[in-house]
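Here the structure comes first, spelled out in structure tokens, and everything after it is commentary.
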Amino acid sequence: MVLLHLSDKQKEKISLLNTFDEKIIREFCRISTESINKEINTKAISNAAAKLNIQPPDLKELIELITWIFLENARLDLNVKELKESLLLVGIKEEIFSEIELNAKTNQNQLQNLIDKTKIETLSYDNLEWRVDIKLATRSLLEIVEPEIVFKFDLKKGDERRVTKVLQTDVVNLNYLTNSLENALNEIKSNYCRKVFRNIV
Amino acid sequence: MELSSNYLSALKHASNDDLLSFDSFKLLIKTIFDSFIINSKLGKLNPRLDPKILEQINKSEAELKEITAAFYTLLAELARHDVDVNSASTFLEDHGFSNEKIKIFTELYQEKLQIIRLFLSSSTSSFPHIVDVSWRLDYCIKENNLERINEPIYLIELKLEVPGQSNLTSLKFSCTVEQLQDLVFKLKEASKSVEKLAQIS
Amino acid sequence: MEEVDKIIIQSLTSIGCNVKPDVTNIGQFDQDLIIESVATLLNLIQRSISPDAEQLPTKLPPSTAVKFRICTRFANICQSLGYKNELGYQTFLYSNEIESRKLLMFLVEKLNKETISSNDENLSGTATKTNKNLNALIAEKTKKLLNKFWIPPYLKSNGLRLDENKSYIKEGAKFESKLDASSIKVSNVTSKSKLQKYDQDYCQNYLKYITEQTIKSNLLASLIQLNTLNRINENSLINVDKKNDLGKNEKEQALNELKKSIKVYVDKVKEVAKEQNNLLTENDLAEIELDSKNLKLKNLFGKGSRFQHSEKLQFTTDDKGKNFTMATNDSEQKKEEEIANLKEKLEKFNENFESLSNEIDKVKNEQISDLEVKKQEQILNNKTLEEKIALKKKTVNLINDAPMNILKLKEEIKMHETKMNNLRKQWDDHKGSLKLRKEALEAEISDQKLRMQQKIDETKQLRTQINELNSDLSSKENFISELSKEMETLVKSESSKSSNRQFYTKRIMEICSNIDRQRKEIDKILIETKSIQKDLNQMTGKLERIFNTTDEVIFKDAKQSETNKIVYKLFISINTEYDKLLDDLEQTSQLDRECRDLEDQVNLESQNKIGDNIQKVMNDLKQIKQENEELLGKLKSKQ
């Protein structure tokens, strides 16, 4: 079982959070979800802080706390039980938790996708197009018959950048390539792999 | 297939038994044919002639130079058009070569035709050529920003021969199981279409 | 047998043996003919089995020993082809009708089988070669490649894979490179007999072998390129020559036209020049002079302004310098800094000055040269002006004696005018007639031109038509010849084959019916003989029985009287005599049969021409002995 570990400072903020009712918490959640995609509107915060009768920096910290909970929830891939356990442990009110949990659940996927983009960048396969050519003549050599297979590999680096590689091969190597990669694909169904996967999960 | 007039005159010169004896002709032709050797040290397929061997021939160097040039051109053009032995011998006959000379020429020509065509085929442009593939199956467990991923990842390395480079280069990319399935499916399609090619009659 | 002979002779003539028309059966074949036919048959059979079989001689050499050797070889070949009967050199050299018939029959039969099968093969072979379309080629190639197993790249040097039959398969691109042809130099010693000495020296001593000229680039590609370029040059040269030949007339026409147009142009220029000259009056001259003066002045001013500019620059710097020196009182540090600044500036200005002065020099030079040119022009102008002035002076002189001169001039003018009028009238007359003529001629010329154009077009058309027709004709002729050839071969094969086949079937049917008839007859005869035998047996039985009874009766009687005894004895003797007679009869018939057999054998042997052949063998033996002696003699003499 994985738990969230909150620092003492964060625990204090939780107790501050407990002083607000659900509606306000819902509003906080909304603001923090928005803050994932864009900058926090300081003016709105200061307005809200004035209404709630607290200092704007405090309010900002509260929202940041909620954002942090969301992110950790996504990063550690917590389930509901784990999240509840770890938040109730630091003394959050039941109603406030259910509000936070609801929001955390809805944005978990979105956040995980965002985190995914920060992983180590390798070229990853995106698409393949192929073509079978028969070379019939070149400037220096006429009357040949030579089958050739041309590939266009579309590869992705990170999320945005695309790399296109044009390669070619002959019949023998094509068959070898196909067979070896098919073997690779079948390997994942092998007993050994299954055993490893099962034991890790 | 045609040769320009200066080569034809050189060939005529070489066909004359009084100007170039059979033994000299044999030595000359043999050295020319023997110069088509595949030498792995040289990056290029280029015939190399050792002029010292030709010093044995009792003939002025200027004429020898021209005759070798003519014969190299003749071979290049014959092989370029994939002229068979019979047509080659009629060509020589038309240019006044004696039967003895034609015989020695055609024997060597038959033996070396494929290699000369290989030499000719070397000057072409092509994409990097896939010659080997290696793969690795990883099971990704954790990343710095994301935990409990638990996803198999294939790392695939295509080994490539790039024209004019003696060392293999490689193209590495990763793909998920689904992506590899896609890749293998497309490769199989390509293999099948090549097999279909073989069945056309 | 005649039928068989006919068939054999027909097939022999069809394969090209020289059988004379008066030879109708194999008995008439002589030795040479048999040898020739057997040799050609064997050649054809062997070639159909293996195409590179050795050709056998169709005629025997005069030497007898060689004859024997060749004939034994023939015999061996025939036996290796599956001939079962006895065979040796004698069959060819001392032929008899039956054996040679058997042999020829076997060979002709064999030939038909072989040629039919090999023809089929050839047909299919050529069909695959010529009809092998691209698809089939591709299929073949890919099939070959698909059967290959994979080899890791480090085992393939240069990315090439060595095939079983010593050819290479490309499985990689390592050795590939762009078609990098470089220009190479090839001498031209053999085609030109007379070469400059230095050229020859160069080719002999300094020109490199082509393989060494292209170490970095690709030799074969360079050679192909050079050859192509040379050929293009040659072709274009040839074309130019042709064009020269064809277009001589056209060229002359073009030249004439060009000349005409040049004349017209020159005339026009002359006219314009005249007009301009006419326009040049004194005032103009004065103006021109003024202009040129102005120009000079302007140029001078131009120069001046530049000088002034540079001077101004200098002055301003000096002024600034003065200003700065005024400011020195404030602080010395500033001063020094400023001095340094100023020095820098000064240097800059100096540089500027230098560059400007350079420019000025340049400009000066340019302008001086310009002016010199203009001066030349001016001098020329001056000359023309001087001439005009001289003319004016003359007129001025005339004006001095004004009234008289005017009168004189007026008279002269009047005279000239009247003269002029006359001349004009005459000219008008002439002009009118000439104009008419000219117009008529021009019309004619234009007409002719049109007609000519038409004719040229027509001829052109005709020429193209002729060319087309010619090419058509030649292609059609080729086609016809091809077709006729095909026709001939077809007719030959058709006729010989079909006639042969029909003939065979007919004969076979006839023979079958013959055999049937004969069998029936034989059956009939057999039945008859059987019935006769039966009758015979019955008769002999009857005879025996009669004999026995008579024997008994006479024997009884014989006991009664002597005469009867004699009768009995006579009876017995008659019986034994008859028995003997019968035996003799049987023996004679047997002998008869033997006799007939022997006669048959004699006939057979006589057919074999043994006497002749023995004679021939003896002769050959003699000859061989002679040859041997000769050879021995030669050997001895050589030793």
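Letters A, B and C mark the chains as written, and numbering starts fresh at 1 in each.
The rule is simple: a contact is a pair of C-beta atoms (placed from the backbone, for glycine too) under 8 Å apart; a residue touches a chain by one contact, two chains touch by 3 or more.
These figures come from a predicted structure and were not determined experimentally.
Of all chains displayed, B has the C-alpha centre closest to the centre of the whole protein C-alpha set. The most distant chain from chain B is A, comparing centres defined as mean Cα coordinates.
Note: centroid distance chain A to chain C, computed from Cα atoms, is 72 Å.
Rounded to a whole number, the gap between the C-alpha centres of chain B and chain C is 27 angstrom. Per-chain Cα centroids separate chain A from chain B by 51 Å. Contact with two or more other chains is made by residues 80, 120-121, 123-124, 126-129, 131-132, 194, 197 of chain B.
In chain A, the residues that touch at least two other chains are 134, 138-140, 147, 168, 170-171, 173, 175-176.
With touch defined as above, residues shared between interfaces to two or more other chains in chain C number as follows: 138, 142, 146, 170-173, 179, 218, 220-221, 224.
Contacts from chain C toward chain A in the complex involve residues 134, 137-138, 141-142, 145-146, 148-151, 169-173, 179, 218, 220-221, 224. Interface residues of chain A facing chain C in the complex, by the touch rule stated above, are 134, 136, 138-140, 145-147, 168, 170-173, 175-176. Against chain C, in their complex, chain B makes its touches with residues 2-7, 9-10, 12-13, 35, 38, 40, 43-49, 51, 60-63, 65-69, 72-73, 76-77, 80, 114-116, 118-129, 131-132, 159, 161-166, 168, 194-195, 197-201. Of all the residues in chain A, the ones that touch chain B in their complex are 2, 75-77, 112, 115-116, 118-120, 122-130, 132, 134, 138-144, 147-151, 153, 155, 165-171, 173-178, 180-182, 184-185, 187-188, 193, 196-197, 200-201. Considering their complex, residues 79-82, 117, 120-121, 123-124, 126-133, 135, 137, 139, 141, 143-148, 150, 152, 154-156, 158, 160, 171-177, 179-184, 186-191, 193-194, 197 of chain B touch chain A.
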